[in-house]
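Both complexes below contain subunit A, partnered by subunit B and then by subunit C.
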Partner chain A sequence: MTEETIAENKSFFNLFNICAGIVVVIGLYITYLRFTGGLAAVTNLSDNNPWGIWISFDLLCGVALAAGGYVTSAAVYLFGMKKYHSAVRPAVLTGFLGYSLVVLALQYDVGRPWRLPYPLVVQQGTTSVLFEVGLCVAIYLTVLFVEFSPAALEWLGLKKARNLAVKLTILLTIFGVVLSTMHQSSLGSLFLIAPSKLHPLWYSPYIPIYFFVTSIIAGLSMVIFESTLSHRFFAYKMDETHLKEANGITLGFGKAAAYVLAGYFAIKVMGISAGNNWHYLKTGYGTWYLVELIGFVALPALLYAIGVREKNLILIKWTSVLAILGIILNRFNVCLVAFNWQLPSSERYFPHWMEIGISVFIVMIGLILYRFIATRMPILYAHPDYKDAH
Partner chain B sequence: MDKVFYTLQNFMTHTESVTYLLVAATLVGMTLFWLFLGSGKNED
Partner chain C sequence: MSISRRKFLGWVGAAGLSATIGKSATASTHKHFTGYPGSFAVLHDTTLCVGCRSCETACNKVNDLPSPDKPFADLSVLEKKRRTTTKAFTVVNKYNDPERPKKPVFFKKQCNHCLEPACASVCFVRAFTKTKTGAVIYDSSVCVGCRYCMVACPFEIPTYEYDQVLTPRIRKCTMCYPRVSKGQLPGCVEVCPMEALTFGKRQDLINFAKQRIQKYPDRYVDHIYGEHEMGGTSWLYISGVPFKELGMREDLGVTPAPELTAGALSSVPMIVGLWPVLLTGLYAVSKRKEKIAQTEQENAVALALDKADASPQSIISEATESQTGEES
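Let's look at the complex of A and B:
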């Protein structure tokens, strides 16, 4: 990045800040309406459709796309793939912000934020899958906070606290993998209770496995995508190691994503077979299912594979976008499109513009926080005092 | 595909048979896909 561009970015009234300012002001206004007028004031939710895009996008997509933290930490610290070490901090930061924003988004949907700890300390619904999800997300958010803390502590110059947090790395990584396996799959388990509401092509007894496997794909693809954006906008913050390792990360994660996508494609087809749902493929919903399965699972698997074979980084980076869109499409299909599929169209849900506004507002908060942290803390470079610590 | 099954036994026999064939195809397919992934330009 040239000095001129950096200087331009330093100006307060740049394009990003202006857009962010507009989105934040609108978001705060809708927040005011939501918490003073209730759900009816800003959403199209109803008794038939109690879950809208705040669940399908902010929560289901948010949790899946924040999976890069546990995927990368496991690869580096548990499987010993040290060549991907420079991807850990950006991935953990993305995961930490992702989960924080999931919890924030949940407040809009559930309401009464002061009652957030109730399921933990007042009334435990231990037979509920949702209780398990809530407990896992609460613990995992704490784990991510501690995993992220060395960067903040290095920035603050608190050496002792930083060294203590670093000593916990392996333990936290194991916790992260266990907790993620549990709650990523449990988000799919939520739909096991509704076999009559979810279209048979999307409903499967294996849906928890589908959700878990897709979270790995989302995590791998998000690391590639986030790394691409970081190189585009924060290259001036990166040290030599980060710049040198970037191509290897893209190739390695692309290869892993190709293989996991191929496996996911196979188990999805087995799911159709196990339910004997082949005849549904001839219907309109079947066509849409094939669009998802071929266009957003098989195609990215093939494109990732070609990109890895040809060492075509551009293709891998664009494929990561396709794979991420595929995960988002899958969550929308499960939670909205194929849910309540037997209801007449007049009773189906379509989000209110203010629901979309809150989702955009929350994504924007994530971007602002990422930018704030990445430009100040040692996320994309090693702190000079700890250069040999890895 | 649109065959009517009169007993759970018939349904399970049919769907499991097809699924086992798919599992076998997947094992072969995933191996071939792995070879395809690794047979490109030389690794660094």
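Let's look at the complex of A and C:
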């Protein structure tokens, strides 16, 4: 690493620290308002619009974008793609932080957060999709914690505990895929209950499958995106294996994402056909739907494919940003834009700046924690004591 | 659990009925649960309502709700379309009859107390209960405040105390469950001066409504709203104008809300059962591939080594053979 890049990194981190400080201060202030004045003090939520961006972004996008953990560990440990091994730890860390932050965000959103364990310990509403989501997220967060723990235990020098956790890898990976399949899809199933409120182009009996498939796209794209950022800012932490495997990971994950996006495009078109919703495409909502489908599904599929064929890493990296934005757009469309579409615009929802403030605050906490962990624990390199363990 | 039992009872009932009357009892709606036997309902005859807001006043009183911003005697509030709020479990809205512009139509809105409520089916802590009286009641002592019930309700009824910090509750009409349990009428029904609201057994009210529609075909549209909507509700409406003119959705269908998510939920055990098998299989395949590759590599190396070991000897022996040949 040259001196120039170190200096560049330093000035970046100074800037980062300043931004992080401001965001955290504002976030703490809004937190104070939220827990002293109730939801009404900081949100634009209403009786017609009970779910805002804390659900559409923090929960729905948060869970989807944290899918890299199960996607990567399944590829490496279950499908035997050993050449992507160095992507596992960063992906599992992102997944673990992502799910933790989802749970943190829920503390703000639900009315009585201290009762969040009630569905598990007091009364079980098993007919609710949300019960399944809650149960899966709770268990999966535990699974991710154990999956992440070897890195922390190596850092702490707790060999025995670390070896025990590593022994569980295959079991945990299978658990992770099963739980992710269920709750990623169930986040879509949440909306099956409201055919009269969600626009027919987005309401589909296939919505659980759409949510599951898009979580794979989100997971693959997040691994690419995140590895790009890590290389920019934490390259000095990476060992030889990590640096050597990075391009292969970008190419391989880009290729997988291209295929999954193409398949997703196909099942979306099948969904329109099955519901015979073609005539809605001529409306304003139809145009918006096509923007999502062409601009944020078909286009990234194509760009990923071109990038892989021409081994254009920069194109693949930028496409991952487009694909991630597409997932976010999809979740916003389902939860906010196309939801309550029949209400007059005066009764529709637009987030309060303090709602956005909390969402930014929570993302910032994620970045701070990621940086804290990645600069200390063996995430981007193999711990010297366990080099041959993989 | 309760839903499957209900459905089971429904099927038994339907089977019994079809055995006696010889044709499917539910063919027109595919609906099995028709409410707890003898459960109550309220019939709102909108043609009799004059928009006096007495029901709103009574509702406010029996539920101990805070007094409204404008007094109940102020009828100017009817000019604006309103929905239920935490302060008003029922609201009367004024609509224009397109055919008779001078005669407005009034429509009372409150929880419809679905036979198979969306709110109850989506609540992950079972805070809602459909009681045997017909009322859908809410228990704030377990509510987490996720507000999924509000997302799910097709009639946009549940409201939330967003301004409460520690004890926010869902608020909605209870169909005066405490009063009905004591043998009293719901507050709104008791007070209505026009008898636009009738309380009774749901089946009796449906029969009564049908009779009225048959008796006065010019006065009513031929539709009892709530008989089948979302699988049926415990509030029923008859009207002189199409219900969509009264702000009521006519595209809700007859499927009870729990069935909308039943399919997705039923796939859960399949994922739990099959995914581990499939994934373990994939793991085994990749592991075996690895093992075969390793063995092949080892064999290849061994072979090469053997060859390498063998070659100098063979050269020597060949050389000695040729030598002995030459000598002889």
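Going forward, the second predicted complex is superposed on the first by the 376 of 390 C-alpha atoms of A that agree within 3 Å, B and C clash if a C-alpha of one lies under 4 Å from a C-alpha of the other, contacts with A are read in each partner's own complex, and residues count from 1 in each chain.
The working rule: a residue touches a chain if its C-beta (ideal position, glycine included) is under 8 Å from a C-beta of that chain, and two chains touch if they have at least 3 such contacts.
In this text, all values refer to a predicted model and were calculated from it rather than measured experimentally.
Asker: Looking only at subunit A, is it subunit B or subunit C that touches more of its residues?
Answerer: C
Asker: Which partner does A:Ser189 reach: the first (subunit B), the second (subunit C), both, or neither?
Answerer: second
Asker: Answer with first, second, both or neither: which of subunit B and subunit C does A:Ser128 touch in the superposed model?
Answerer: second
Asker: Could you look at A:Ala235 and tell me whether it touches subunit B, subunit C, both or neither (first, second, both, neither)?
Answerer: Touch status of A:Ala235: no partner.
Asker: Let me test your reading of the model: by the given contact rule, A:Cys19 touches which partner, first (subunit B), second (subunit C), both or neither?
Answerer: In the superposition, A:Cys19 contacts neither subunit B nor subunit C.
Asker: Go through the superposed model and pick first if A:Pro208 touches only subunit B, second if only subunit C, both, or neither.
Answerer: After superposing on A, A:Pro208 lies in contact with subunit C but is clear of subunit B.
Asker: Would you mind listing the overlap between the subunit B footprint and the subunit C footprint on subunit A?
Answerer: Dual-contact residues (subunit A): none.
Asker: Provide the residue numbers of subunit A that touch subunit C in the complex, in ascending order.
Answerer: These residues of subunit A touch subunit C: 35-41, 43, 45-48, 50-51, 74, 77-80, 109-113, 115-116, 118-119, 122-132, 134, 170, 173-174, 177-178, 181-182, 185-186, 189-190, 192-197, 205, 208.
Asker: Residue numbers of subunit A touching subunit B in their complex, please.
Answerer: Its residues touching subunit B are 248, 255, 258-259, 262-263, 266, 269-270, 273-276, 278-279, 305, 308-311.
Asker: Which residues of subunit B touch subunit A in their complex?
Answerer: Counting only subunit B, the residues touching subunit A are 1-2, 11, 14-16, 18-19, 22-23, 26, 29-30, 33-34, 36-37, 39-41, 44.
Asker: List the residues on subunit C that touch subunit A in their complex, please.
Answerer: 1, 3, 83-86, 118, 120-127, 142-148, 150-152, 154, 156, 158-168, 249, 251-253, 257-258, 260-261, 263-265, 267-268, 271-272, 275-276, 279-280, 282-283, 285-287, 289-290
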